[in-house]
Each structure stands twice: as structure tokens, then as C-alpha cells.
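Note sheet for the following structure.
Chain IDs A, B, C, D, E and F follow the sequence of writing; residue 1 opens each chain.
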Amino acid sequence: MSIIPTLKKDYIYKLAKQGKRIDGRGFNEYRPITIEPGIIRKAEGSARVKIGNTQVVAGVKMDVGEPYPDTPDSGVITTSAELIPLASPDFEAGPPQEDAIELARVVDRGIREAEVVKLEELCIEPGEKIWIVFIDIHVIDYDGNLFDCASLASLAALYTAIVPAEKFDLGENYPLPMRGEPPISCTAAKFNNALVFDPLLDEEEVAEARLTVATDAKGDLHAMQKGLSGGFTVDEVKKIIKGAIVNGREIRKKLQESIEKVKQNDT
Amino acid sequence: MKLIDEEGRRLDGRRFDELRKIKIEAGVLHRAEGSCYLEWGGNKVVAAVYGPREAVPRHTQDPVKAVVNARYNMAAFSVDDRKKPGPDRRSREISKVTSEALERVIITDLFPRASIDVNIEILDAEAGTRCAGLTAAAVALADAGIPMRDIPVACAAGKIGAEVVDGEVKGGYVVLDLGKDEDNYGNADLPIAIAPRTDEILLLQMDGHLTYEEFEQALDLAMKGCHIVSKLQREALLNKYRPDLEENL
Amino acid sequence: MKLIDEEGRRLDGRRFDELRKIKIEAGVLHRAEGSCYLEWGGNKVVAAVYGPREAVPRHTQDPVKAVVNARYNMAAFSVDDRKKPGPDRRSREISKVTSEALERVIITDLFPRASIDVNIEILDAEAGTRCAGLTAAAVALADAGIPMRDIPVACAAGKIGAEVVDGEVKGGYVVLDLGKDEDNYGNADLPIAIAPRTDEILLLQMDGHLTYEEFEQALDLAMKGCHIVSKLQREALLNKYRPDLEENL
Amino acid sequence: MSIIPTLKKDYIYKLAKQGKRIDGRGFNEYRPITIEPGIIRKAEGSARVKIGNTQVVAGVKMDVGEPYPDTPDSGVITTSAELIPLASPDFEAGPPQEDAIELARVVDRGIREAEVVKLEELCIEPGEKIWIVFIDIHVIDYDGNLFDCASLASLAALYTAIVPAEKFDLGENYPLPMRGEPPISCTAAKFNNALVFDPLLDEEEVAEARLTVATDAKGDLHAMQKGLSGGFTVDEVKKIIKGAIVNGREIRKKLQESIEKVKQNDT
Amino acid sequence: MSIIPTLKKDYIYKLAKQGKRIDGRGFNEYRPITIEPGIIRKAEGSARVKIGNTQVVAGVKMDVGEPYPDTPDSGVITTSAELIPLASPDFEAGPPQEDAIELARVVDRGIREAEVVKLEELCIEPGEKIWIVFIDIHVIDYDGNLFDCASLASLAALYTAIVPAEKFDLGENYPLPMRGEPPISCTAAKFNNALVFDPLLDEEEVAEARLTVATDAKGDLHAMQKGLSGGFTVDEVKKIIKGAIVNGREIRKKLQESIEKVKQNDT
Amino acid sequence: MKLIDEEGRRLDGRRFDELRKIKIEAGVLHRAEGSCYLEWGGNKVVAAVYGPREAVPRHTQDPVKAVVNARYNMAAFSVDDRKKPGPDRRSREISKVTSEALERVIITDLFPRASIDVNIEILDAEAGTRCAGLTAAAVALADAGIPMRDIPVACAAGKIGAEVVDGEVKGGYVVLDLGKDEDNYGNADLPIAIAPRTDEILLLQMDGHLTYEEFEQALDLAMKGCHIVSKLQREALLNKYRPDLEENL
């Protein structure tokens, strides 16, 4: 580790001991969040989400395809993420690397396991024709906490998406059928025994472990993913879950407000 | 499809020499060294610049100058039918001609063995993305403080409204900045990029059908379009730096 | 599908806190520096370790510690429908979280610029392969004499038998070590890996639906499972080295 | 730039100032061109074209496939180019690089935009079955000006191609339906303010800019492509177009003679 | 060549002059062979084969697919081999390299050319539906002579495979239809004018040439493959063939015994 | 399909020991250091040699000798159904065995760390392309002045006309140099390459069905074929260099 990162690490550790973070936030506090659904005209659904400087655009496209043999009556979701070199000097062009794959799969599980999309209503002809929902995550600016930013953008894009039935001669367009209240992903990082939510890039770079927890409105769990090569105690895991439930409630409210605004504009 | 009426009014109401609405903002990203957000009609583009930095892998280094790598990329959701992520042949050709055009104005011999990486992301696409992308890239380069002889700018002209009878083309109008239907159902497209101070042509492609005279008209029109867009580029840069400038007064 | 009866008896006759049958053998390969063969229910796994050796290509080297590369791979014939050879997105994610978990216990700073390569081959798959693979990998690492703070171990708990009505979940049982149908038709899965001496959690993933209380039960159950499997790991290592040990008495 | 290339550059520049080229040609003059259609028995159409030492073999293969949804009544053309390591010490094996992609796309546009192939006659069953025309460009020997050599070989292969209807039980074989007079691609390079047509490899290596122009028998334009990192003035572009029209006429005559010869041999 | 390999080479050469091998075997002698069919529950057929320390697991999977246009009434065999990094410090992850491709193709030819599988009985609906037989070769431990070990494992997997008809609603499962006595591959290596069968890895590393010969019960030849950059005289080739016939008989007996054992257990 | 009649006359009129028509031309390319154009029946092949030159990437270098890289490639249009460009498994196997055969005769220890690159392009294919390719490559190597112990040459023999009844093979003729239908409907193929001065066998593959006696006949026949082709190789090289030789008299 060269000299600058070591200095930065020492500084972040020192602050953490005093209960402080480099941008002045509390340990459980998120940066400002903005959610702008509907910004891509060519997409069936889309959203730009900023958490602090981190910025993600998610787009939903839909196509007609064949169902999987084991779920003949059900639509299909496919989630991809690209860590394009636009967003960071460290991202490289080329096929998705491990980090992008993990990001896509964690976002995907958050959506799939909570059955946010009513896939059973995306069957056109049982065993023959169903709707495929493509979620594409484009990271635009990377300053930490991609998991939360990407899940939130994907949810905002899904909740405001329109099924393009007319394009395929399948009747009138209609809103993508979604279930009520989505689970929200909240991520905490651990370094030097401190647990901080919504880590900055600088904090991620010195972190030992990371935990992402998706909780629903009732505080139930729907997906978890531990990352990095450090470990957690059982108590730390529980503490993070509790923090995720609290933060999740607040973020869910923001998400719902942004969706409402779009729906009102449409009518 | 009737792309232009008897009075020379186009589908979206524009005159033959009118551009679509353009909005340019410089310095929009936190991480990149220079960046630009640009809307051009229905196109939405973000460009970001990293470098000059050591070119990797090492065998790509040029011992006497910097290498300019423009990477044009379309988001999967930016087009009518979802595009598979990753570069296709079209993107790679556009990346190549864009790199060549930008290299001409960048003072590359200041940075031997370096690369200057220009990332162009098309978030929403509606005809003319290569011109929009190059124009945004130029602003991002300037925002990054990369030394350049000029700020390049791109614009297209084309021809619409001709009738084609078994390969024979009759009539048609030379117009500026083709829109979506004009691009799909028009007769020719001529995207160019220039260095506006000298009018040197940095990028030039053409397909379709133009008589020599029509080509001259189209080239002239595209040049004029470039100069209009060039002003918007400079304003965007000024808008970003004006607060700093005023502060220093 | 009814996964558990009124008396808490599961499809294969297990109680809620019972593991499937597990068999572990250390040092089964000639070529590898450490190896392990493991059967866990219907899963059959081979793990082999090479290294520490110079990491290649060179740019992957870390100047202050060894890099741990776990590679989880499923044989084409290990699943119901033939899997195309080579890593898919699922394998690559499992390789990543497994590498991270193992790195935590290996004393990597003894071997700067080296790589420690851990190959996990799933020959026959029946739910829970990531836990089986990590458990086998840990034995292979110990067999290879790689210095470790602890021998990590993995096990899953989950929830089965709940009724789901339009997203609302009712009832259900928290059980240890999901079998095939329990994995396919169950309600939640929680695979973890721990360092058994300290109970530090090295790997944790979860999907499905658990209340907070169910999560606590499941985590507790998975921990207990880990400790049982940990004993089997140690016995397998002892079995291999006992003849040597006895000889030296 | 090492010493040999610098010397070569100086020499080529010096000659150009005197209005001369290293092989004694005039600035607007092409090297000798030979066109040999029909040399590959397994191909539906083929041609070997030599421009000086540069040598390209193009082959046409046809298959039955499905039309694109937006052109249900129309055949499809697909053009590929491989810069195989046989042709130059600098070409590498592996998937096509930027240069090969640009070559294929420029040749493709020259053919497609002038509607040389009557694609509308390559529909077998509207919306269901059409002919796909594969053009494959094999560069055999590389001594400059690939664009012109490859387009010419592709045209000669197309104009002498036979639709393999019998192989697919679709009636008798017949000549690929083509329109009258094809546009011809002519390329000029610029160095040290000189504009030379049909550049040698040595000239390409010192060139600042390159312009390819496809013109038809009437002198109309069908495709253009500027290459390399130098620029052109408007006057230079116009000068090149005029030269391309003149050279194009001569090359078109040669192409037509070679096609005629094949057609006479066939009957 | 560094010092250790040179010493090893000298030692192996010296022994060979005295008619000896490093593990004490005769030149024509194989290491102990164990054949365990049926070890993979998820596979339609499988076998683990050990020749000395070399260990291969082969698995057979079957799927329903379309026939090739030129063999509308015939099933299809596809053979793949992966030299996974588990088996040797020199094997690398990634797409199959030349060695793995050669291995798969040689095993495939041994099976295909002797028509061991009754492909004509794997037609479900002529021109429409046939059975595809996937053979996947997984090398587990590499100590020389992969070709023989992989072919033997593939044969044992095929001869004990069950067609999964029930899974595809095509009636009851039944044994994969096979012809009587399979050809057996035997491999010899040449170094310093010695010819040794079933070479160890140490022997392969100093060998100049390698020859694999597949012979049937009557002593007829079905496939041969020469490898490495040394050459053979005509006499050497003939000598190897004769040795392959003798060894082949013995190995065939072992194979048949192992198959019989499985079949008896099943009934 | 009846491939041979009662009088031993084959489909194209050849006797059992007759080669197809072969035409060889050395030094046909401008850019390559050595080259060869070869027609063998309906096969059309170009081969070109570059090197010895520094092997790249560096990790492919052998410190004590040159590496021989033969690359066999079929043009997309060279076969009945268009072949996707790029190497498939068959091409890669042929490239491997061809490289190994050529390496045997090239005096590689003269050029440590170098590569000798041999490119074989099949432009038109009609049975026997690997033999045609290797034969052309050998001429190109000689034309490039690469020091060799011998000029290798390849030819195949095979068996046609047998009747097959449930795996039992009856009758059949051993013949030289299989043509297209003989290859598709014949009973066995045995391509070999030799160093003609010593008759050392450099390449040997076989598939189909041959009794031991038939194998001996086929090997003998293929050897004879090699010697005939070898003469044509030498003539081609002489034809190219004769003018120079005569000039120097």
C-alpha cells in the first residue's frame, strides 16, 4: 500500500474512533438521495439515482420471448450491470468482471426474492410467449455504495415502467404490474470496528467487510450479501440489520414519493 | 413517408437549415477529470475524460506522443430494441473515427507514453449520436484541461424527400441535422466534424445518394451547423468557469 | 409440495436440526499440494490447492500479501440439464465470495507476490454446493500446509413449509441444511461460513423471506451446523495424518 | 519513430514536392489492376483482385434465413473482412480488430447504399424466408489501398454470383439479381499537402489523412469515409471527389470487362 | 531447460538403455487400472478411471435436439474435455486450449469411427428430433497418458448410460444402445529410441513423439494420432500397433468386467 | 454410392495409386518472407511464412529454440456451407499437428526466443486440405530461407468401396489420395507427413476401419504419394530460383 492510501486510512480510522466520518455524517446516516424516474425516452422504464456523488442510471426494456420450461406461466427478469470506464478511472472496458457480476446478481436477488414484479401477470400465452424484463444498470459516477444506488434506480425504473404491448400488437400499453411495497437494500461497511452506512468510496477502500441487507416495510429480510475479506460477529450482523430496517423505511418513502410524482404527471 | 412539405417545413416543424434543440452542460461528474452532459433533440449523452495517464497495457504506449482512446458506447436501453451490452461493429467503427478526429486537435506530443481516455455513453438515442457524442467529448476534454489546438465540433447534413424509382433518384431537399424519421427514411446522411477556427475537416462520412452539387450544399450546411454548435460548447464551458472567473475579479 | 409433516419430519426423514450425511477425505490427489474429496448428501466435490507460488500474470501480484484465488466450477454432467462448460455468472459470484471468505483465515502476508489457488470442482450437485465446496476447500488448504488462523467451515439453514398468498407469507419452519426439493420449493436459504474458533462470520448470503426472529433462529442453527461439520473436517485431516503420527511414536 | 521510417518519410515527402512518387506514378494514377472472377469453386461468387502487389480474394456464399422484422420482403447482406496474418507481418490472428471492422463496414456501405444487389428480389416467402448474401473478404497480400481492392473484389464476386436455389430445393440456379452500374470506391491519401490516389503501403504509413469516395457512372456520390488523424480542407475534399469520379469510370470499365468475360465463358 | 528437468531426462534415458523405467514397469506394461462406472447420480452415465495416479471422470448427459441436415435419421455425439487447473499446476482456467481440444477430438474419433454408439437408434422423429449425447471429460489428477484414461472413462460411461426418455415424456428409460466390443486406445511414447506404453508424466515430459492407436477385438485399427514434434520410423509404428493390440485386449476385458458388475447390480 | 468399379477405376477415373492433379508455385506473395500457392485437385491453398522474428507475447518465447506456429485457416467461402470465420476445434487440431510436424525438420535451435509463423489459408476445399496445407507450408518455409533438415511433404491414403453390415466390414480397396466423395463415403483415411530423405513419419492420423494388413498397404501407398509430391515441391522451388541461377552462370 503506497503512502497516500495509508495516510487516508489512518485519518479515516482516527475520525471513526471519535465517532466521526470524513464528510461529517453520523455512522447510520445516508448522503442526500435524489431519484429521477422516467428520464430515458427509449426505455420502457428508467431512473437516475444519486446518492451523494454516486450516480446510476437504470433502464428497463421489455421483449416478448419464450418462458423457461419449469415456469411456463411466468415472465422472466434479467439484470445486467456494466461498470463502464466513464464512472471511475479504475473501471475497464470489456466483459463484466466479478464486481459487476456480483452487483447485478445482488440487485437481481433483491428484486426477485421479494417478488416485486408480478411475473405471473407477464405471461402472454402459457408455455409459449411471455414478457422478458431486462434491467440494465449503468454506473455513471462512482463514489461508493453502488449496491444501494443500483437497487434503488432499478426499483424506480420498474415501478414507473410501461409494458409496450402496442409495439407487439398485444393491445394497449399498461403499467408493469408490481406488488405494493418493495424491499430496500441498505449497505454498511466495517473498518476498525466501526460500522458505517452508505460508505463513501474512500471508506470502502479502507473497509474490511461489507454487508447489504434488503428489508421490506414490515422489517422482514429478503436478501443479504456479505462482501470483502473481513468478518463480522453475530452482534455486528444484527446491528446492521436493525440499521437497515430504519434507513430502509426512510428511503422507501423517498422512492414512493418520486414514483407518485411521475404517475401524477402522466395523468 | 412524407418528410418535408411544399413549404419546406419538416416533420418536427423545422426549416431546412434549423438544428434540433441542444443543451450542453460541462463538468457534471465528480469522478472524471472532465465531463459533459449533452442533449441534442432526443439524444442524451454523457462524456467523461480520464488522463493523460500511463497507457496500459504497456505495448499500447507511443514513445513520442499520447494515445487518444475514444470509446463510444450505447446503453442497452437507449434504443427501440434492447441492445446487447458491449461494443458491436458499429460502435467500434464510431470509436475509431472519433478517436482519429479528436487526436488531430489534442497536443499529444506533450504526453509521450500516456493515454487520454474519452468515454462517450449514449443514454438515449435518436439519430445523430456520433455527432452528439463527439461534440460532448470535445467539451469534456476542454473541461479536463487537456491542451488542444481547437475545440472540435460535429454536425450532420443530409438529404430527404427524394423519390427513388429503381435506383434513379428524383428531387429531394438538402437539410441540416436529420431527425429520427429523416434518418430512417431519408436519402443521404453526411456527418462531419471540424476544427471551427480553421474549418479543417476532422471526420467525414457519407452514405446514401448525393449529386456533386448536393454534396457541396450539404457540406456547406453541415459546416454552418458546426459553427452554431461550437458557440453552445463555448457557452457551456464559460457557464462552468464563469463563477470562478467572477470570483477572481 | 409438502416439505415437512406435522411431526416436523422432512421429506428425507430428517429432523429440523439434522444434517445430511457427510463424508470427508483429505489428501486424495497425487498432483495437487493439498486436496479433499467430500460427499454431502448427493453432492460430490473435489478440492485441490496449488501454491503459494508466484502470481501470474504479474499485474495480479500484491506486493504485501498473497492473493487467494478460489475457483468454483461445476462439471457439465453435475446437474439435471447439462451445463455448458466454463464459468457462468453464478459460478463467478460464488468464486468471489469463497475467495473472500478463505482469504480471511489464511495468513497471506507471509507470501507477498504469491497466489494461493483453490480449485473446487462440483462433480455431482444436489443443493448446498457452495457450502460443500468451501468446506472441502478448507480441508485441502490445511492438507497443503497453508498457514491458517483457523479452518473455516460452511453450512446453510433455511425456511420451508410456509404458505405464500400474494406476497404474504404464513407459517413455515426454520431448518438446517436444505435438501434439493427444500431448496427449490422452500422459502428462504441462508448459507454462511465461519471461523469456528471465534464464530466470526466469513460468508453470509441470504435470499427468500425471513422475519427478523426467523433470521436469528436460522443463523443460530447454521452456526451449530458449522460446528458439527468442523469436527468432521478435523477428523478427516487426522485420519490422513494419524498413520504418520502413529509411526513417529 | 525509429530511424528507417523517418528516412523513408523524408524521401517520400521530398519526391512529393517534386510531383513524384516512389514507384514513378502520377498523383492521380492507379497501379495496374487485374480482376479474376470465379476462381473459387465452392463459393457462389468469387474474385481475386490485384492492385499492384495488393491482393484480395472475396467470396460470396448464400444461405436461406429469416428476414429482419422491419424489412420482411427483403434479402440481407452481411459483409466480413479478416486481416489474416498471411497478408502482413503486422496482422494478428484473432477476432477482427478496428481496421478490419472499418474495412468491412466501408465496403458494405458502398454496396448497400447504392442498392447494387436487388435485395427485394431475394425474398422467398415474405416475412418468413429470404436469401442471405455473405460477402467474405480475405486479404492475401497487403501493399496499401485495401479499401479499393476489397470493394472491387466484392463487386466482381457479386456480379458473377449464382443463387444456389437447387441446393435448397427452390428451383433452378440463377444469377444473383444486380442493378446496372455499380459505384466504384476510390481512395486518396494526403501527406505534406500532396494528394495521391491508390496509396502504396509505404505512402499510407506516412499519410496524415485518407479519403475514400464511392461514385457512380453519373458521377453521383454514394459513400465516403475519411480516415487517419489528419484533416482535410474543403477544397481538398472536392479535389479528391473529382479525381475519384475520373478514376472510378476507368475502373468500372475494367470491372465490366472482367464480368463480361465470365458471362461469355459460361454460355 | 533448467537443471532439474535435465537431470530427470538423463536419468530416464539411462534407465531406458538398461530396459528399465522409473517405476519399475516393463516397456509394454500398463500401471494398475481401476474403472468405476456409475459414480455420478446426476449424469445419464459416468465413470471414474484411474491409470496409476492419473484420474479422469467422464460423464454422459443426453438432450433432445435437431439432427444435422445430412444425417436426418441419426443421433449426435459431442465430446468436450476440460483440462481444469485442479488436475495439474500447469493447467489454466479458461476456454479449452490446443491440448484439451486434441484430447477431446481423439477420444471422439475413437468412439465415432468405430460406431460404438448405435446412433441410428437415437432418432426420435426423422429429420425433426434426435437424441444428443454429450460426453464431458473432467481430468481430476494428471500423471501422464490422458488419452487412454479419458477414452476408457468415456467408454465406461457410455456402456452404462441410460437414455432419460421419461424426463422428456418419451416412454420408459432404457440403456443407451451400444455395439458389442469397443476399440481400446493404447498410447506409447518414444524417447531415446525406447518405446514405452502408458507413459508417466515424467516420461511424457522427456518424450520426442507419441502415438495413440485404437484397436478392436479382432485387432483391426479404428483411429490413430501421432503427437509431439519428433518422428517415427515405419517399423516403430508397426511395433506400437502390435503392442496396442495386445494391451487393448487386456484393457477391454477389464472394461467389460466393470460394465458387467454395474449391470448385475442394476438387476 | 459406388466409389470404385470392377476394373479398379475410381469416380474421377483415377487408378488406385494415382494422385489428383497438383500444381505448386513458390514465392507468389510480395509481403511474406516465403510463400507458396498450391492446387491439389479442387483444393486451393496459399501459405506464407514470417520470421524468424521475436516471439510475442514474451512468455511464449523458448530460451533455447524457435517456436513454430502453424496456423491452418479455412476461408468462410471455401466450403459448401459457409464457415464462420475464425478457428474452430478442427482447425486448431490441424494447426497443432502441423506445427509439430514442421518443427521436427526446422533447425529451431539457431533462433532462440524467436517465432517462425506459418500461415496456411484454404481458399477452396475438396478433401485432403491438411496434406495440401502442410505441403504448401513446407515450400513456403524453403522459399523463406528457413534452415531445414529436409522439406517435409504430406499425402493421404485410404480405403473405399467396402460394405458395412452392422459394424462388420467386408471387401474394400486401399487407394491413394481420397477425393471428395471418397472422403465422405469411404471407409478409412490415413493422412501422413514425412521427411522424404529418411522416410521419418512426422504426422500420422487415421480414422475409419483398416485391418492391420490394409494399414500396411495404405502406409506404403501414402509414402509413395509423398515422394511423388516431394518432387513437385522441389520443381516449384527450382522454377522460382532457376532464373536467378541461370543469370549467375
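In the analysis below, contacts are C-beta pairs under 8 Å (C-beta built on N, C-alpha and C of every residue); 3 or more make two chains touch, one makes a residue touch a chain.
It should be emphasised that the depicted structure is a prediction, and the values quoted were computed from it without experimental measurement.
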Chain by chain, through touching neighbours only, how many steps does the shortest route from chain A to chain C take? 1
For the C-alpha superposition of chain A onto chain D, the rotation angle in degrees, rounded to the nearest 5, equals 120
Maximum centroid distance from chain F, chain identifier (CA atoms): A
Among all other chains, pick the one whose mean CA position is farthest from the mean CA position of chain E. B
Quick check: how many Å separate the C-alpha centres of chain B and chain F? 52
So the centre of each chain is just the mean of its C-alpha atoms; given that, what is the distance between chain A and chain F in Å? 58
So, what's the distance in Å between the C-alpha centres of chain B and chain A? 32
What kind of graph do the touching chains make: line, ring, star, complete, other? ring
In what order do you meet the chains if you trace the ring from chain A in the direction of chain B? A, B, D, F, E, C
Interface with chain A, chain C side, in the complex: residues 64, 68, 89-90, 92-93, 95-97, 99-101, 103-104, 166-167, 169, 190, 195, 199-212, 215-216, 219, 223
For the chain B and chain A complex, residues of the former touching the latter: 29-32, 42, 44, 46-48, 50, 53, 71, 73, 75-82, 85-87, 117, 119, 121, 123-126
What part of chain D is in contact with chain F in the complex they form? 39-43, 46, 53, 55, 57, 59-61, 63, 80, 82, 84-89, 93, 95-96, 134, 136, 138, 140-143
Enumerate the contact residues on chain D facing chain B in the complex. 1, 98, 101-102, 104-105, 109, 112-115, 179-180, 211, 218-234, 237-238, 241, 245
